[in-house]
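What follows is subunit A paired twice: with subunit B in the first complex and subunit C in the second.
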Partner chain A sequence: MSFDVVDFNLWAGLLHFLQVFCGIAVVFLVAGFLISLIQHGAGGVAGFLKGLTEFATDFARTSPQRIWAICLLTWKEATRRKALYVFVIFALLIMFAGWFLRNAVDRPELQVKNYVSFVLTIISWLSLPVVLLLSCWGLPTDIKNRSLHTVVTKPVRKHELVLGRFLGYSLVGTVVLLVMGVVGYFWTVGQVPEAARSELIGRVPIYGNMSFSTRQGDRLKADLGENFKPDDMAGVNVGDIWEYRSYIEGGTKSRTFYDFKDLDVAAMKRQGEFRIEYNFEAFRSHKGEIDKSLLCRLTIENQQPDAQGKKLRVPLPIFEVKEFSNRASEKTIVLGETITYNEEGTNEIRTVNLFDDLLKGGNITIEAQCLDPGQYLGMARSDLYLRLPDRSFAATYFRGVMGIWLQMLLIIVLGVTASTFVKGPVATLLTFGILVVGGTLSELMRALVTGTQEGGGPFESAYRMFMHLNPSVAVEAGPLTTIMQAVDSVAIGFLWTVQYLFPDFKIFNTTPYVANGFLVPWKAALLPGIAVTLAFVIPCLLLGYFAMKVREMEAK
Partner chain B sequence: MSQAENVIEIRNLSKDYRDFWGRKKVQALKSLSLDVRKGEIFGLLGPNGSGKTTTMKLLLGLLFPTTGDVSIFGQPASNVEKNERIGYLPEESYLYRFLNADETLDFYGRLFNMSPAVRKQRRDELIQQVGIAHARKRQLKEYSKGMTRRIGLAQALINDPDLVLLDEPTSGLDPIGTRDMKDMILKLREQGKTVVMCSHLLADVQDVCDRIAILYGGELKVMGRVDDLLKSKDQEQLLTSPLSPEAHKEIEAVLKKHNAQLLSADRPTTTLEELFLKTVQISQERPGQRYVAEEGGESPLEQKQSVEPSAK
Partner chain C sequence: MTRLSSQQRKLAYLLAMILLLAPIVYFGAPGDGTAKSGGQLSRLRDEYDLGETSLGNVDPASSTMNLVLLGLRGIASNMLWQQAVVQKDKKDWAGLKATVDSIVLLQPHFRQVWEFQGWNLAYNVSAEWDGVVDRYQWVKEGAKFMMLGASRNHKYPELYWESGRILGQKIGRADEKKFFRQYFIDDPLLDGGGPDPAINPDGKDNYLAAKDWFVIANEVEARPGITQSRVADVLFRSYPVRSQIDYADTFQQEGKFEEIGRIQEAWEVAFDELRNQWGAERYMTPGGWVVMEVDENNDVLHAIIQEEGNKFTLYDKLEWVDRRQKMCNYRYWRTRCLVESRPEVIQAHKDLFEGKRAFIDRGDIQEAETKLMAGLQGMERILAEFPELELESNFREETLKSIVLWRGAKQAKGEEPPATFPLKYLWDAYPEEAEGYTTLFRSLYGG
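Showing the complex of A and B:
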């Protein structure tokens, strides 16, 4: 897999959410107060307080029955307006997809990847547009047809209307997704060739923290002072434009360290074996035999020192890393309960118990080393992991479907909210725009905001283009540059705000995990999805409430 | 009239419609003030564009007033709580066309937090009352306009409201439907409910309303009791059994003696609505018969027995 799997820090996320939410709430309250003062003069204070009281009363008197009624209405509306015809397209696609996917590639793991990616992609591409359109058009159609007149003249609170729509479309989307998901699962399992069935699994990896050493073998320590740059902690840059992997030089004391903490040794003992999987990349700096592999070695070090203060180090047998190889079976090291090894320095043959000695305490470091001088071994954090007992394919597949479901909920929330203040076509464009920006431009925005993108802000970039200046060349100092950079800082400030308002839709993409045979991780993939969805539900509900409250329901 | 008896109080109500840029496009209502009293049927009359529907929507909180105040049951129109006691039939029955009658009433019942048992009871009562029991399982998109008005009225009454707002209640209905609707409105008054209806069908308003307000160009022009407004101040009418020519002459003499003048003496006519309804009734009782009046002949209302078998 070529992506980093990082656990989501829920508390930090929650704190960040509260900061942003409270900040925006204060801005809205102040703006509301000022508008009230401008509109009503001195009476504006009373009007503002009355509005706050109404808000509190409305939410305090929320009726689950009314919300459920609107939810059911939404369900009936969607089903009777033939939204479920989407199943027909789905059925047609999977009926004939087998013709094109079968025998497309030879390697079993790639066959599985093709089938799984196809199924999860068409489920996304069919279900998400349906809910996007439904959620963006529901309320505006109601307002246009004036059906809403018969609802808002009943004791229905505006947020109940919005929440009922959220839930109704979520119900529709959930049923659509569930049916497609179940059908897609059985179709995938049925279609995958017999030889590739063994790849239908959910590997459960444990990732460690990665760090590097210098050529002299000194481990790089994180200096988090103001001069810290991420590159300081990286290995050698071989000039690859894709900076995913860092490299260590072969034949030197360069090492990569993977630190694993608090391993569940008892569970591993029950498993009876200890599996390490790696996906290192060989990079040759000079010509050699193209089919000759690089020689590498892993050394496991227990972090609990013995009575003499010495840590147990077990070098594992030397293995080869081939260029351009993706065979998982060639990248697995399986250790039994007893390990025999040559001790470093003395070269004595020793035997240790894996679980009782080497893994004792659950804190270990695995060191990777390249033994071929002049060659380089590339690795990223997720390139080495410990593999726990596999979970079923169904477990990871349906977690993948859950990722799509969370994305669907967020689209519904955004679509319904947009439809509370603009008409159907505009709401559709707005939601689609958020989806595109949040799905594709979030990294660019982050790079611009954090200053890692070279070339400055929008004005400086425009100036550079006009003057044919390289992005890495400093702009000549002067009043114009100062003004330009000052204006840019305002634009970047705006972008900073916007990047928090646009959800990062990439976090919902769990397909790579499923397609590569990994269990979709709870903390690294599903939890951030849930957190982001919930983080948008509350502000969107409030925004929808106020939008419905201040707008006239007349469709003029 | 004391304040407590007023269900609706409107004071200096104005409404401007504005364009996208906030410029005033039209002033739909100009400084309207009126009260609606408990238990009466109040009619809002006026030609198209006179501000009737705007007034109704301001009462319901669907529009916000530019200036002035509206209170219903002592609460401002923007207050959601007041809707617990209000029933509203829109100008056209903008109901959800993909629901059937049972589902429609069940949905609106849920919005009032009614228990399942109460919802079912109200649903069954109202479906019977408005006469659509035969079509209760059909989707509303299959309903005729008359049936749609009936289910519209049923949804307006689902919560047994104290105040019923009816926007053009007889619009699009056939004479039977119109009669039924008017009967139902009168029945609401008998039940002690207050009804506000707006219509440009003057005969309907005259038939059911206690008081009316006539709007023109967004302004209140006339308001008062229907009887008072329609009563002729300089004429009197006597209604008697048929008179002989001699009796006519004697009456004229008496009138002359008292310095009065006989302006007109003729047999009173019924309304076309009465004639139509009676014909339908007779047709249902005796199918296959027809009546074609000769010039100067008698109405079938007078001559039930003279209706002849059709030529068929």
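Showing the complex of A and C:
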């Protein structure tokens, strides 16, 4: 894969959510109280308290039956609006997709990626706009047609109305997604060339922590002091535009270390084998032997010293690096229970038990070394991992579909909430805007807020463009610059305030995992998706409740 | 309007539809493929050769894609180009190829797309891979892409020419040429081996396959109204002959001297095509039409002068012939083709090749010295007869490197190289090249 897999920290996320949520809640409460005071004078206090009591009562007396009834009503409305016609477009695309995808590359194993990406992308692109439009237009159309009057006159609480809508559209979306997902699955399995079917898998990797040593053999340690730069911890930069991988020089003492901690050795022993898969990249500074790939050696070191304080080191057989290959079998090193190896230094032949000796204690380091002098091997953290028994393709594929589903739920939540206080077209634009900003500009926004974005805020950027100053050149100090930066700081301050209102939609994209044959990880991909969706459900429900409460139903 | 009944309204709509249909049929009726068929637009398209079918084979997927995108083709292709750049930077090769395939669906008749991306796959992407078979696969992808471009665009000679260049120069001159040339005949990526029918249907040598593409490029370029914008015409037209020369040269480069009949035939074909095809073609110059192959009495030039109504003198013509010949080194190549088919020249190459192999592969100093000396003596005799050969860098490289090896063999025997030796004048005339090859020799073998 071409990105790092980082586990989501649920507690930190929850704490952050509570901070933001409580902050906004306090602002709303204070604002509500003040408005009430201004509008009703001293009687405003009682009105405010009454409102809070009503709120508590409404939520305490929530009726699942009523929510279900609204949910079914929403389903009926959606089907009447021909929402399910989306299947026709899906069927058409699936039928003719083969024209565009077949034989894009002669190597079937590289094709798998294209097929899987295509299916998951098409499913998102078709299902998400449908639910976006449905959720944004449902309530405003009901209000306009006055069909909502038949509902609000019944003893239905406002939040039940909103929640029923959430659930109803979610039901429609789920059915659409489920049908598309199942059809897409069989289509993918059927379309992938026979020779590449074995690549339709769900690898379960365990990643370690990566560090490098210099060509003199000094291992680089994280120095988190003031002058620390991430480059200090990296290997050689060979001038690649993409700085994802860092390189080690062959024929020197330069190594990459992957530290694995607390491995479940007992479980591995039960499986009877231990698999290491790599995905290194080769860089040649001279032609070398053209017909031979670069050579690499992995050495496993147990971190538990013996009585003499010596750590067990087992060098594995040398292998040729199969660069860019998508075939798992070409890049996986499988170790059996007994390993015979040549002792470093003495070259003496020895045998060890993998599970009882080498993996003892569960803490190991795998060292990677390039053996060709003057050549380089590039590595990233996710380029070497221990491979647990693979899961089926269906397991990872449907987890991928679940990623789309979570995104769909979030869009429904945002769309329905928007439609409680604005009309259909505005709600659509608002939700679409949140989707675009959250999906494409969230990184830029974070960079602006944290000050890591070169070129400054909006005014400074405009000034730079006008003056033809590139972002890395400092702007001359002076009164103009001071004013410009002061105005920018207000804009960036505003951005800081609203940044959390835009969910980062990129976290829902699990396609790279599925396309590369990895099981969509729970902690790094699904959990953040669920957390973000839930984090928006609660405030959106409250906002929808209050919006419906104050909304004048007669206003079309 | 409101007074009309529903049926009357429907009839009115029908009438309006029929009235509107008439101009559509008159202007837009499709042709049946024959001349002067179909509506006005179809006829005009036919007359000015603007129809898509007249540009090349039509891909139904391409038309569908353009239709589906309505007017957003430009935006879509722009986004795809950006995506292709990102995919290349992030080394997502399969994704890049799929994106490139989508780009050409949107822009099937945009020549530069085919040229740029075909080159990108064959040269840039292939170089990123470490395995030599993998690299070859991407060269093939580039070649296939360029050939597809040519089949979709019959009016661009450049695409045929670039297809030939990938087969000829990329496969024949890359660092991996030893492997690529072999794979071109026996593809390791195919089950059961053999040539890949998509790029080498006849199982030819890569230079001969390239020659076929260059011949087509010349034929396309010769059609009225078609021009190419890559190189001067006189050079563009030289490529079939140059491919034949490259093919003939491979026998010596790869040491296949046992096939002496084929070597001679290859050079004879090259000589014949050079004089009677490339040399006999007419090229436009500021001094009117000229040919590069001029007989002793200048009969051809006299005939052209007469055809042009004596607008130019013979002196003008000869000056422009000379300029064009110099531009493409014509006289050198003619002499080379003439000389190389001679048995004594083949023998001299063979001696030099065997001397080199004896020194490098077997370390047989004695045999190396003997063979290299025999080869150098042979070359000296040839250069005495055809001194212009020394102007060509490949010829000089072969002889100067052989002198370096011969001197190395002498030193390895503990002898000082003698003050005089065959081709010493060449050694003295190009001191920088001699020094460069000596340094290279020392870095590889010491001394």
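Here is the rule we go by: the second predicted complex is superposed on the first by the 530 of 556 C-alpha atoms of A that agree within 3 Å, B and C clash if a C-alpha of one lies under 4 Å from a C-alpha of the other, contacts with A are read in each partner's own complex, and residues count from 1 in each chain.
Operating definition for what follows: a residue touches a chain if its C-beta (ideal position, glycine included) is under 8 Å from a C-beta of that chain, and two chains touch if they have at least 3 such contacts.
Remember, it's a predicted structure, so these values are computed and weren't measured experimentally.
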Touching partner for A:294 - first (subunit B), second (subunit C), both, neither: second
Partner chain(s) touched by A:11 [first = subunit B, second = subunit C, both, neither]: neither
Touched partner set for A:63, first subunit B, second subunit C, both or neither: first
Which of subunit B and subunit C A:147 touches, first, second, both or neither: first
First (subunit B), second (subunit C), both or neither touched by A:114: second
On subunit A, positions contacted by subunit B and by subunit C: none
Subunit B-touching residues of subunit A, taken from the complex the two chains share: 58, 63, 65-66, 68-69, 72-73, 76-77, 80-81, 145-147, 149-157, 552-554, 556
Contact footprint of subunit A on subunit B as seen in their complex: 17, 57, 60-64, 80-81, 83-84, 86, 88, 90, 92, 94-96, 98-99, 103, 107-108, 110-113, 139, 155, 159
Footprint of subunit C on subunit A - complex, ascending: 2, 96, 99-101, 104-107, 110-111, 113-114, 117, 241-242, 244, 281-282, 284, 287, 290-291, 293-294, 321-324, 326
Footprint of subunit A on subunit C - complex, ascending: 60-61, 64-65, 89-95, 97-98, 101-102, 105, 128-132, 134, 137, 140-141, 175-176, 179, 189
